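One chain, chain A, links the two complexes that follow: it is found with chain B in the first and with chain C in the second.
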Partner chain A sequence: MAMTRILEWLGRFYIVLLLGFLYLPIIIMAAMSFNASPFYQLPFEWTTDWYASLWQNDQLIAATWNSIEIAIITTLISTVLGSMASLALYRYEFRGKKVLQALLFPPIAIPWLITGTAMLIFFFGVGIGRGLIAILLGHVALALPYVIVVVSARLQTFAPELEEAARSLGANQWQVTMRVTLPWIMPGVIAGGLFAFAVSFDQFVVSYFLSTPGQTTLPVEIYAAIRKGFTPEINAVSTIIIVVSMALMLLTARFFKFGGEK
Partner chain B sequence: MADQLAIGSRRGLKPALPLLLPAYLWLTVAIFLPLSAMVFFSFMTDLPLAGKEWAFTLGNYAAFFSQSLYSTLLFASLRLGLEVTLWCIVIGYPAAYVLAKVLKGRSREAIFLLVILPFWSNGLVRIFSWAMVLREGGILDTALNAVLPFKINIDLMYSYPAVIIGLVHSYVPYMVLTCYLTLQAIDDSLIEAGRSLGASRRQVLWRVIIPLSMPGLIAGAALIFVPVVGSFMEPRILGGRTGTFYGTVIEDQFVAVFNWPLGAALSFILLAVVLIILALAAPVLRRAA
Partner chain C sequence: MAGVQVANVSRSFGAHKALDNVSIDFADGGFYALLGPSGSGKTTLLRQIAGFDFPDAGRIAIGGESVERVPVEKRRIGMVFQNYALFPNMSVADNVAFGLSVRGEPKATIAAEVQRALDLVQLGKLGGRKPHQLSGGQRQRVALARAIVTKPRVLLLDEPLGALDKALRVDMQIELKRIQREIGITTIFVTHDQEEALTMSDRIGILRDGRLVQEGPPEEIYDRPQSEFAATFLGDANIFRGDATGSGIKLPDGTTIAASTGASVPAGAKASCAVRPERIRISTGAAEPDPAGANMLTGQVSKRIFAGNNSTYFVDRDGQTLKVIVQNTGAERLAEGEPVVLSWSPDSTVLVAAA
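What follows is the complex of A and B.
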């Protein structure tokens, strides 16, 4: 038994090491964004200048607004369309349903490099071209499967008898959906929406191929800046992004249990 | 469960159609048509835009097979994918085991969330944060070497190991997640039964735990291998001049060289390789499900 105790403590220690590996670079990046030296030199000298100078950087601010707008519109569209599709896949039996469910996986499983370049070719070919509209089209398509998977998972816990009961009490289809089904699946819909927001807000590869110099998103702007050379300003904006996206996921976790805990 | 579903389900595609159509139409326009268009364009000499001359050709594929550069890079990318996947198994599986079988209750929930949280934060920014660490190794390597289980020094930036470290950091939470889900489902009494029948720890691990968690391992491996083979941003930022891979060559065709048809052919070859690998993994996954 003593052996088991030792192994368990080794296991706990290992988890601490892993967390160190996962968080250390992020923490160092955040620390350097508050360091006065533009060449990341130590000793550490506290400053918030880099954050202040972000406000002067019109290009970054414009890209940030684009990112936020696209993420919000993506969330609204993909949550509504995705929830509708989940309901249909849950309620109805029809031939080809398995195919429709399988079709949700290519957008998730195919590398974004391939999806992104394919979108670029197609949107150019049909005249949509590059820009914010193209980016929005792409983001919604990438977010939809996540919403459908999350909402469908929530629907699995729904008792269909409730719909039957409401219907036999005289409620029509619309009333059943709005008053019985929707309130039940709401946590799933909110989690799906937060997923969609995260997918869009963090998306780099697809946005990268679909953006043009004036119409771009924050990650694309950061990539361009990194390739020009590192500056503490990038650390500052990166720190903000990482804090925002982690906060979003903590919020999602409140609505949706990842681990399938009992 | 089966008859529960039967009560709620109704037959027919017709009533389902208005609910399904918007989502699937969107997916068609933004995913399926583009993928088909890419295949189509990969057989062209030039894009049929603005009255440019174009013709059908096999030349883009011939370029892949006649110039060893492309197949060499594809193999380099496949090797990168394999190495990153192996490191993710080595690092992620034990962590998943500890999470599923050693930790309990609230601390398990909290640590699980901590492990997968960075995974949902911006990938580009996390890769950039490694550029920070590896570049500043001179200042940080004493601290890092005390914390990390392997040696890090300044020379790592713009090297192959830097690309591996960044990619493993990006994808290891996937492996922890999928393995945790299957490990958690293993009944503890199976492990105890094996032990009480005289099997050693090692025998229980190899004969009971690993076989039962195989679906999680394979799902995790597929989820990591596929995007890593197509990665281009990570090698660009962390690999510098050594960071030329298949993905970066495709990127170049679209943003630097502007040879879109060749880029489409290279993308399609990558897609085919990826689909073949997923198809090989599928039976194992299905058998488990």
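What follows is the complex of A and C.
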């Protein structure tokens, strides 16, 4: 009896510790974005000045928009291309298929620092150079394997007779894909899209290599700002991003019931 | 509606000959069973007729029109799959509507046709359900409704009852037969269940190792099998092997067995005789004599299995175990170990060339 109670108590303590470990730094950061002192001095003094001055920081706002745009375009491109690639790998037998599938995994494991260097050299070689286009291309390349892996995993649970049944009823390839296969793999496509968005939006290393001073993404801009001297504006912009992305994640989880198959 | 002609169709997968020069004529409106053990090529043949796969050689025609290079979506066939293959994201009604909807039929026509098809399979009220909310038998009916709502020229069924339990299977056999008669559609049915093939079909084709072994009405195949394989695969049979005498065979121990049906095998060649267990009379020998010319053997009962309306006797005779089925007529039952006389008419004995 007493033993069980102690274990229960320990369990609760552990959960609190875990959540604290995960969320305390974020909570402190969010709190400091409302603190008047730029040097984290206490006592806490409420202010929204940092949000106001964030509004004046054109460079940070421009970088934020760049990040959002690049992340959305990366998500769209890599989700469409990745899903198509997964379908092709699922449906067709062709020479070198095994090699191709094996080659999809290393980019996930190769350090971004090395990928970034390689891309920088490559983009200069082919004349694209640095800038937002280069960043976008780089992000798509980074995100694609994630989408393919996630969508392919979902396709493994697909019953091929469903496509055959649809064809026997007179559906052409396009109708089969749009009305039978795609609805089945949709949770995988959305999960892959979220991965792609996260890979792009979080991306620092590759973006850092490929950006030019005027044209950059939010993580690179934050890094540059911190190097010049830390301001609580960074806390403010980070807090906004956390709130927005957590809301997005919760909404998606609610609508698509991840992991649970009806 | 249309008949289906398969002529000299062959199909290999690598070195494996899945179909070897198969020809069958499926009559318009008939119910045809393709029967065979797994790996016999029956499903491969069905897939050639459906158009999921194309033959290496040979012709396939539906309603007189050559289709061997026409893909499945253009063949106007209906197919029921072993695991039903219902679209899990669609309701029952949407599943049934699929074939009409991809053709671009007007919504009102689709709704009416779907309702008619669901009524036909007695699921008129379940259109709004999702497939996972249905029982196995109901899913089967939905799959059938979905396959026939497009008014296909031929209905193909790939072991459609395999996933159902015994009682439900018998219900569905009757139901399937009723629906087939009602719409009069040419139906080709793949099964490995001989009972199902016997009870449901107008004609049966038996396949083995990619070849058509025998083809004909169930009664004909059962009564006059043309090979040991056909005799033992469709129903039970006692097989005697020996040398042909011209009017039967001579067993290695000198006993002769007269056969008045079956193939004509030249005297001296190896041949076999097949006898159905229910055609053999079993007695202690003391009772009334058998009619003249009857085949007669002696043996010893090694085992008796009582099944209510009949009993199966296993009789040992010269190293061979023979099977005899006796209807429960109230006559005295024989005990295990008892010496017995087996007799049967040459008319019940089918001569086949040795395998």
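By definition in this document, the second predicted complex is superposed on the first by the 229 of 262 C-alpha atoms of A that agree within 3 Å, B and C clash if a C-alpha of one lies under 4 Å from a C-alpha of the other, contacts with A are read in each partner's own complex, and residues count from 1 in each chain.
Going forward, a residue touches a chain if its C-beta (ideal position, glycine included) is under 8 Å from a C-beta of that chain, and two chains touch if they have at least 3 such contacts.
Here the structure is a predicted model, which means the values were calculated and not measured.
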Fit or clash for chain B plus chain C once both are placed on chain A? fit
Going by the contact rule set out at the top, does A:29 touch chain B (first), chain C (second), both, or neither? first
Go through the superposed model and pick first if A:214 touches only chain B, second if only chain C, both, or neither. neither
Check the residue A:171 against both partner chains and state whether it touches chain B (first), chain C (second), both, or neither. second
Using the touch criterion from the header, give the chain among chain B and chain C with more contacted residues in chain A. B
For A:109, using the defined touch cut-off, is the partner it touches chain B, chain C, both, or neither? Pick first, second, both or neither. first
Examine A:159 and indicate which partner it touches, taking first as chain B and second as chain C; both and neither are also allowed. both
So in the superposed three-chain picture, is A:179 touching just chain B, just chain C, both, or none of them (first/second/both/neither)? second
In whole Å, how close do chain B and chain C get at the C-alpha level once superposed? 9
Chain A residues where the chain B and chain C footprints coincide 159, 161, 164
What residues of chain A sit close enough to touch chain C in their complex? 159, 161-162, 164-172, 175, 179-180, 183-184, 262
Could you please specify the touching residues of chain B with respect to chain A in the complex? 4-5, 7-13, 15-17, 19-20, 22-24, 26-27, 29-35, 37-38, 41, 47-49, 91, 94-95, 97-99, 102-103, 109, 111-118, 120-126, 128-133, 135-136, 139-140, 144, 147-149, 169, 172-173, 177, 180-181, 184, 226-227, 229-233, 236-237, 247, 250-251, 254-255, 260, 263-264, 267, 270-271, 274, 278
Looking at the complex, which residues from chain A come into contact with chain B? 8, 11-12, 14-15, 17-26, 28-29, 32, 40-42, 77, 81-82, 84-85, 87-96, 100, 103-104, 106-107, 109-115, 117-125, 137-138, 140-141, 144-145, 148, 159-161, 163-164, 198, 201-202, 204-205, 208-209, 219, 222-223, 226-227, 230, 234-235, 238, 241-242, 245-246, 248-250, 252-253, 258-261
Quick one: in the complex, what on chain C touches chain A? 50, 52, 71-74, 76-79, 81-83, 85-89, 98-99, 102-103, 132, 146-147, 150
